[in-house]
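Order of writing sets the labels: A, B and C. Residues in every chain begin at 1.
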Amino acid sequence: MIQARAIHKHFGALHVLRGVDLAVAERELVFVIGPSGSGKSTLLRCLNRLEEPSSGSIVIDGIDLLDKRTDINRVRQRIGMVFQSFNLYPHMTALGNVTLAVRKVGGKSRAEADAIGLAALERVGLADRADHHPAQLSGGQQQRVAIARAVALEPRVMLFDEPTSALDPELVGGVLKVMRELRESGMTMVVVSHEMGFARSAADRVIFMADGAIVEQGTPEAVFGAPVEARTRAFIGQIQRHA
Amino acid sequence: MSFLDTFFNAAVMARYAPDILRGLLVTIRLAALVVVTGLGTGLALALLRSLGIRPLNWAIVFVVDAFRALPPLIIIVLIYFGLPGAGWAPSPFVSTWVSLALVLMAFAEEIFWAGLTAIPAGQWEAARSTGLGFGQTLAHVVLPQALRLTIPPLTNRTIAITKGTALGSVVALSEILGAASSAVSNSYNPSPLTLGTAAYLVLFIPVVAFGRWVETRFAWKR
Amino acid sequence: MIETFLNLDILRAAWPVLLHGLGITLLLSAMTIPLGLGAGLGLALLSTVRTRWVRWPLIAYVDLFRAFPPLVLLILLYAGLPFAGIEMGGFGCVAVGFFLNTGAYYGEVLRAGIESVPAGHSEAARATGLSRLQTLIWVVLPQAIRNVAPDLLSNTLEVVKLTSLASVVAIPELLFQSRQAQALTYNPTPLVAASVIYFVVLWPLVRLLSRLEHRAIAGRR
C-alpha cells in the first residue's frame, strides 16, 4: 500500500530524515515510536506531502506522490490524517467539519455529504453531537470527530500523529477504541504514538526511529520484549517506567 | 441678538436646510463608497499577500505603510491639486473618495493580514490533508475565522476614516461641512453650522453605538 | 513629468518654508499629545467610579467626540464661536478642539487598559496596605499602559496626522506651508515634498506599530 524509499528531509542545515525506507502492506498497522526529534512526525507528514521530502520516492496505492503531474489534493482524500491537536475548524459544527472536504473535493451535494458525514460520526459514536461546535466537545470527542473527518473521505490509508498525546488520561480510551475498530474493519494505518498497550494489542509491526532513521523494527513482542539495539532498549525502558 | 437667534435662527435654518440635506446625501454616498472600496481593496491586498510572493509583498507593505503614515488631508490635496499636473483633474468628490479609500485600504489590509496570520498552521494542515486546495482552505476554513477576529478593530477604524469625509470640504466638496460653511458665509449667521453639526451627530452617533455593540459582541477572549 | 512633480528649483526655494512648517507640526503634536493624554487619563480614572451619574455622562462625552469629525469641531470653534463673541484665534481653536477630540480617544484606550487588569491585582495590592491611589499608580496603571501600548501609540500617530487639519484655520504647519508654496508657484512639487516629509517622519512609527498590532491580534485569539 505504501512504498517509501530513501526519504531525506532537510530543514535548512538540519537533516531530519536520513534515508528512511518504509513499506506498509494493505490492512497492516504500523506503529512508530521514538524520542522527540527523531523524525517520526516528519516522516508521517511526508507521506501526504504536508512536508515536501528533499529527496526519495513515495508511492501510495499505486500513485507516485512526488510526481509533479499528480493532483495532490485528490490523492490526499485517499490518505486520512489525524493530528495531535485535533485541528477541528472552530467555526463549523462537527458535521460541518466532517462534510467540508466531502462536498468541496469529493463534489457531493449537501444532502449526500450530510448522509456520509452522519455515517462517519456514527462510526465514532458521535452522531448525536453532529450539531455541536468543537468548543462544546471534550478533547476526546474532538479527536473522534477529527477521525470521522478523515474516515468520511473513505481513505485507503490513515496516518495518526500522536492522536492521544493532547488528551487527559480518562479520554484516551474512547479514541483508542475507535482506532481499534478502524483496524478491525481492515484499514491500513500508520500510527505515531506512545500508547504501548495499544501497540501490543493492535499493531502488526513496531518501528523504532532515532536521529532521522529507522533503528529497529519487528513485531510488538520482539521490539518491546527483546529489543536488539541499545538505543531501543534505553528508550523502551524509559517510557515503560513512566507508563 | 440672543444666543438662540444667533445659533438656532429658524429663518436661516429653513432657508439652508435643503443645502445641508443635499450635503448629507453626498456624505452618505461618499462614506458608502469609501467603505466598500476601501475594505474590498484592503482584503484583496491581504489575500494577495498570503500568496507569499516576496517582491510583491514588499510593494504591498510599502504602499500600506505610506497610506498609514500620510495624513488623509494631504492625500486629498495632493490628488486634487497635484494630479491635474499629470493630465487628470479629478472632481472634489472623486479626490476625496479615492484618498479615503486608499487610507482605509491600508489600515484594512494590515488588520486582515494580522487576522489571517493569527490562524494556526494546524488549521491549514488539517484542511490540506483532506484534499482541500489553497483557495478552498482560505475561503472555507481560514477566512471565516480570520474575519471574525478582525471585526472589532476593523469597525472602529472604518468609523474613524469615514468621518474623514468632512475633509472633502477643503477641496470645495459640498458635503455637510462644505454646504454648512458656505451657508454661513452667505447668511453671515452660524445656524447652518448648528444644522450641519446636528446632521453629523445624527449620522455618526448610531454608527459609534454600533461600533460599541460590535466590540462587546465580538470581544476577544483574553 | 519630473519637471512637474519634482521640480528641483521650486523644491530648493520652498525647502526653508517647509522645514519651518514641519517645526510647527511637531510643536502642535508636542502640545496636543500631553494635553490629550492628560485628559484621557482623567476620563479613564473617572470611569473607574462605578456610579452611573459619572459613568453615563462619561460614555456620552466619549461617544460624542468619537462621532464628531475633528474638522467639524474645529470649524465650529473657528467660524461659529465668534458669533457668540468668543474669539480664540486659529491657535486657540486648534488647542481646544484637539484637546477635546484626542482626550476622548486616549480616554477610551486607557479605560480599556485599566479594565484589562484583573481585579485580583488591585485586591492583592490593597491587601498589602497600599492606598487606592498607590494601587492605581504602582499596580494598575503600569499594566494597563503595557496592555494597550499599541493602541496608545496608534492614537499618537493619528494625533500627529491630525495636526494637518490646523492648516484649515491658517496655522502655518507643514501642510499649510506646502499649499501656500504650491499656490504661489502653480506647481505641486511642494505638496509632494511635504508628503515625503510626513512619510519619513512617521514611517518608523508605522513600522513599529504594525509589529505591535500584529502581536496583539495574534495573541488575542
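Please note the rule applied: a contact is a pair of C-beta atoms (placed from the backbone, for glycine too) under 8 Å apart; a residue touches a chain by one contact, two chains touch by 3 or more.
Because the structure is a prediction, the values reported are computed rather than measured.
J.: Once you've mapped the touching chain pairs, tell me: line, ring, star, complete or other?
T.: Drawn as a graph, the chains make an open path, so a line.
J.: What chain is most central when centres are computed from CA atoms?
T.: Per-chain C-alpha centroids ranked by distance to the global centroid put B first.
J.: Which whole number of Å gives the spacing of the CA centres of subunit A and subunit B?
T.: Measuring from centre to centre gives 48 Å for this pair.
J.: What whole-Å value do you get for the distance between subunit A and subunit C if each is reduced to the mean of its CA atoms?
T.: 54
J.: What is the distance, in whole Å, between the centres of subunit B and subunit C, each centre taken as the mean of its C-alpha atoms?
T.: So the centroids are 18 Å from each other.
J.: For subunit B, give me the residues that contact two or more of the other chains.
T.: In subunit B, the residues touching two or more other chains are 120.
J.: Sort out for me which residues of subunit C touch subunit B in the complex.
T.: Listed in rising order, the residues of subunit C that touch subunit B are 1, 4-5, 63-64, 66-72, 75-76, 79-80, 83-84, 116, 157-158, 161-165, 167-168, 175, 178-179, 182, 187-188, 191-192, 194-195, 198-199, 202-203, 205-207, 209-210, 213-214, 217-218, 220-221.
J.: Of all residues in subunit B, which touch subunit C in the complex?
T.: 3, 6-7, 65-66, 68-75, 77-78, 81-82, 85-86, 110-111, 113-115, 117-118, 120, 149-150, 153, 159-160, 163-167, 169-170, 176-177, 181, 184, 189-190, 193-194, 196-197, 200-201, 204-205, 207-209, 211-212, 220-222
J.: For a test of understanding, state which residues of subunit B touch subunit A in their complex under the given definition.
T.: 120, 122-123, 125-133, 136, 140-141, 144-145, 148
J.: Any idea which subunit A residues touch subunit B in the complex?
T.: So the residues of subunit A touching subunit B come out as 48, 50, 73-77, 79-81, 83, 85, 87-91, 100-101, 104-105, 146, 149-150, 153.
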